[in-house]
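Below, chain A partners chain B and then partners chain C, in two separate complexes.
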Partner chain A sequence: MIDAVFAPVVAFFKPLGLNYAFLLDAMDRQAFWRGMGVTLELCLLVIPCSLAAGVLIAAALTSGRTWLALPTRAFVEVTRNTPTLVQLYCAFLVLNMLITQQLHQYGANPLTPLMWVVIVVSLHKGVFHAEALRAGIEAVPRVTLEAARSLGFSRRQLLWRVELPLAVRFALPSLINNLVDLVKMTAVASAIAVGDVTYESIMIWTQRDNVLELLLLILLYFGLLTWFVSVVGRWLETRLRMPGYGQ
Partner chain B sequence: MSTQKFGFTRSAVALTLAAASAWLGSTPAHADDTLDRIKERKRVVIGVVVSGGPFGAIDPATQQLTGFNPEVARGLAQGLGTDVELVAVLPSNRIQYLQQKRVDLLVASMEWTEERAAQLTFAPTPYYRNGGAAIFRKDSGITRWEDLAGKPVCLSQGSNYGKPLTEQYGAQLKGFRGASESLLALRGGNCVAAVHDGTLIYRLVEDDAEWKGYAAPFDELIPSPSVVWVRPGEKDTAQAVDRVIQGWHRDGWLIATEKSVGISRPSAALVELQGAARAQAPLPQWAQK
Partner chain C sequence: MANDLTLPHGAGGVDISLWRKPWAASAILAVCVITFWVTTGTTPAAVAYLWQWLPALLQGLWVNIQISVLAMALGTFVGLAIGALSLSPVAAWRVSTRWYVNLFRNAPVLVLIYFTTYAFPFEVRVLSWTFAFPDWLKVVLGLALPTSANVAEIFRGAIQSIPSAQWEAAQSLAFKRREIFRLIVLPQCVRRMLPPWMNLYASITMSTALASLVGVHDLVDTAQIASNTVSRTDFTILVYFTLLALFFAYCYPIARATRALERRHDRH
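What follows is the complex of A and B.
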């Protein structure tokens, strides 16, 4: 039944020199489909996790407490200045191995490769979110903060009710920019055999040699996902727009 | 104006598609320009896999490629009477290197398989024989290949052991960029076994103290002849390479090289091939395609 749908598609691309015959093979087709699902799942996990990490890091950076701000600053610099792939390899191949060895007597290591991707990518991008938010926090007018303090706002209330709502609005374009990058960054999962769309494609093309065809599909899929993120971003920008700020 | 523009776009698309299909390796128009180019430039570019150990490694002091694959590649260049440039490739990208003409030949521990023979041309005389070995913890309770059914097994992306592992034994594959990542993942407990070339695995269980909790006791998976690969249709290049390899089997150069690079288990396949070459007999059964 499904073959009947894909056969004309395969036949259409054949004269163009594009061999999509893998669509007629149930195993390969399911693998690719599963890969698309895993990529979507990764995006849905990594976007909220990275934003949460970003808020925490930004709060620590702007807290004004040296014992908190200084180590966080060091973490930001290290994370920002090393490649994601290297971080992922270090975390998954080195850290994970050490954890497994430590836990060997107690049983299996509960951390899956997918969790490592979510942790590493969220922290990596969280740092960039934090810098964007910090710019937003520092752009909040001093008089606004003084007014809030004079109304008896505590430090936490100040952050949650005054600084962050304004900071998010200031930082929104760069946050959306980061999220678009984040969606693309999930492709590093393929390096540690998490079955995202890139990984499944690699596994298919090493057997079938249809690199160009699969890369076109991956391109299209990521293009769709990032387009969706930017549409949501634009909608948020108009929705959160405040008269009198940046207009 | 707008139609003109459309016409231009269309021809651009056609050009791109034509380029794409040529790049995909549809039969080239001229028979074999690689051999001409090699002779003309007095230089051959060979892709080799250097995954560590006596089969191919990078010398940390000199950055030179050392080991069996690089030595065979250098020997080939010498046999062809040219200089050599070695390019380190990975199992996951070696075919692309060949197709995009970034290398002329592959001496990349790449065994003969039907699928590969359908898309590439090769020199028919093998220079080695390679099979897959499974390495796993001694306490894992695995006693035969069949025990891998339904369990995660680490391997390299592009490995030809994937097919028999899934189709024959029903293992769940986890493909990594290279053997080193896959082996680290095995030690991290992300798979119950790792399957790679026996030549790599036996060295680990025999001489590596870090791997003393691990074993690789099975018979080799699909032992197949390693051959030199060239781009599809380039029969002349393949033939020139084949003559050099045949010469090696007659004079025993491969067996000497195997010894000089420090391979601990001498290959029975090389002895068989030498016997056949000296008796001017056809290739042994396993090496025939």
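What follows is the complex of A and C.
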């Protein structure tokens, strides 16, 4: 039945020199579909995790406590200035190996490659979110805070009711930008054999030699995901827009 | 006494100055530890192996640097042309460059590297008759694509950030369009483009690590070979963190210089 849907598609692209015959093979089709699902799953897991990591890192950086701010600063600099792939290897091939060795007598290591990708990419992007949030907090006008203080807001109220709502609005464009980048970054998961869309495509094209066709599909899929993130971002921006602040 | 307030930590002068220079402190510490190991002959086996593999690792880093420099040069060259076209008065140029920039900025770099690695030989087979088309060159092309799209965007942004009043003022002083561009707008643009361009270079350098996934013998690949050959847990830990340190040592100074430049521009 599904073949009936894909057969005309395959027949349409054939004269254009694009061989999408893998769509007619149930196994390959399922593998590609599964890969798309895993990429989506990765995005849906990493986006909230990275935002949480960003808030924590920003809080640690601006806490004013040297014992907390200094190591975080070092972590931020190392994360910003080293390749994600190398970070992933350090986490997966080194830390994961050590954890497996430690847990040897208790049973299997509960951390899967997918979880390591989520951890590493979340922390990596969290660093960039933290930078955006910090800039957002700094962009809140002094006068607004003074006005709120003179109206009798407590320190906590000031943070939650005035400073953070404004800071998030200022930081939103760069946060969205980071999230678009994050979606693209999930492709690195294929390096440690997480079955995302890139990995499954490699598996298919080593058998069928249809690299160009699959790459067009992957690019289309990532284009769709990044487009969706930016549409949601733009919607949030207009939704949260406050007259008089920004633009 | 005022001195109580200005000198809270008392006489810990040496201690503080070392803390202020963490690089110097750690370098001195490293030299001390190594001298101790060498003189007493108690060098840990993993460190000895690392010393043995260090030339290979540095050679790998050199491959990464070559790829990044070539990709950046090619990407800048193409990107400037595309950026100029995106400002053209002809709508067709503007639309097609817009598509190019959006496509290659929104595609994962890894996917583009796979693209050039696996898709190019079939189309360039006519050329590979006469000369080889090595994998590292394909990676250069794969990295040059996103670079050119980003450079085009940086260039367009810089040109558009020059107030249009300057064009009008120059026109009223009887400068030609070409002269305004070359003598007035471009010199200001170069200054504005430098920090984001350096940022881009750092990020392209980090992306060269992906070359190892398509079989280029770069730093990451060398580290993997070393780790598999020696096959010791402590050496594996050491070699992967050395990998991290080597990339950091190359990219961090670039990031520092970029930030310094940005600060200087903010002041002007």
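Quick notes on this structure:
We take it that the second predicted complex is superposed on the first by the 227 of 247 C-alpha atoms of A that agree within 3 Å, B and C clash if a C-alpha of one lies under 4 Å from a C-alpha of the other, contacts with A are read in each partner's own complex, and residues count from 1 in each chain.
FYI, a residue touches a chain if its C-beta (ideal position, glycine included) is under 8 Å from a C-beta of that chain, and two chains touch if they have at least 3 such contacts.
Given the structure is predicted, the values throughout are model-derived calculations rather than measurements.
When the two structures are aligned on the shared chain, A:F222 is found in touch with chain C, with no touch to chain B.
Shared-chain residue A:V211: touches chain B and chain C both.
In the superposition on chain A, contact of A:L24 is made with neither chain B nor chain C. Once chain A of one complex is fitted onto chain A of the other, the partner contacts of A:N81 are limited to chain C, with no touch recorded for chain B.
Legend: residue contacts after superposition of the two complexes on their common chain; A:Y89 is shown touching both chain B and chain C. Looking at the shared chain after the overlay, A:P113 reaches chain B, while chain C stays out of its contact range.
Of the two partner chains placed around the shared chain by superposition, chain B and chain C are both touched by A:M97.
Look at A:A69: by the touch rule set out above, it reaches neither chain B nor chain C. Comparing chain C and chain B on the residues of chain A they touch gives the larger count to C.
After overlaying the two complexes on the shared chain, residue contacts for A:T198 are found with chain C alone; chain B is out of touch. Put simply, chain A uses residues 89, 93-94, 97, 101, 191, 202, 211-212 to touch chain B in one complex and chain C in the other. Contacts from chain B toward chain A in the complex involve residues 17-18, 20-21, 23-26, 91-92, 95-96, 115, 119, 154, 157-159, 162-163, 173-177, 181, 184-185, 187-190.
By the touch rule above, chain A contacts chain B in their complex via residues 16-19, 89, 92-94, 96-97, 100-101, 104, 108-109, 113, 191-193, 199, 202-203, 206-207, 209, 211-212. For chain A in complex with chain C, the touching residues are 77-78, 80-87, 89-90, 93-94, 97-98, 101, 180, 184-188, 190-191, 198, 202, 205, 211-212, 215, 218-219, 222-223, 226-227. Contact residues of chain C toward chain A in the complex are 103, 106-111, 114-115, 118-119, 202, 206-210, 212-213, 220, 223, 227, 233, 236-237, 240-241, 243-244, 247-248, 251-252, 255.
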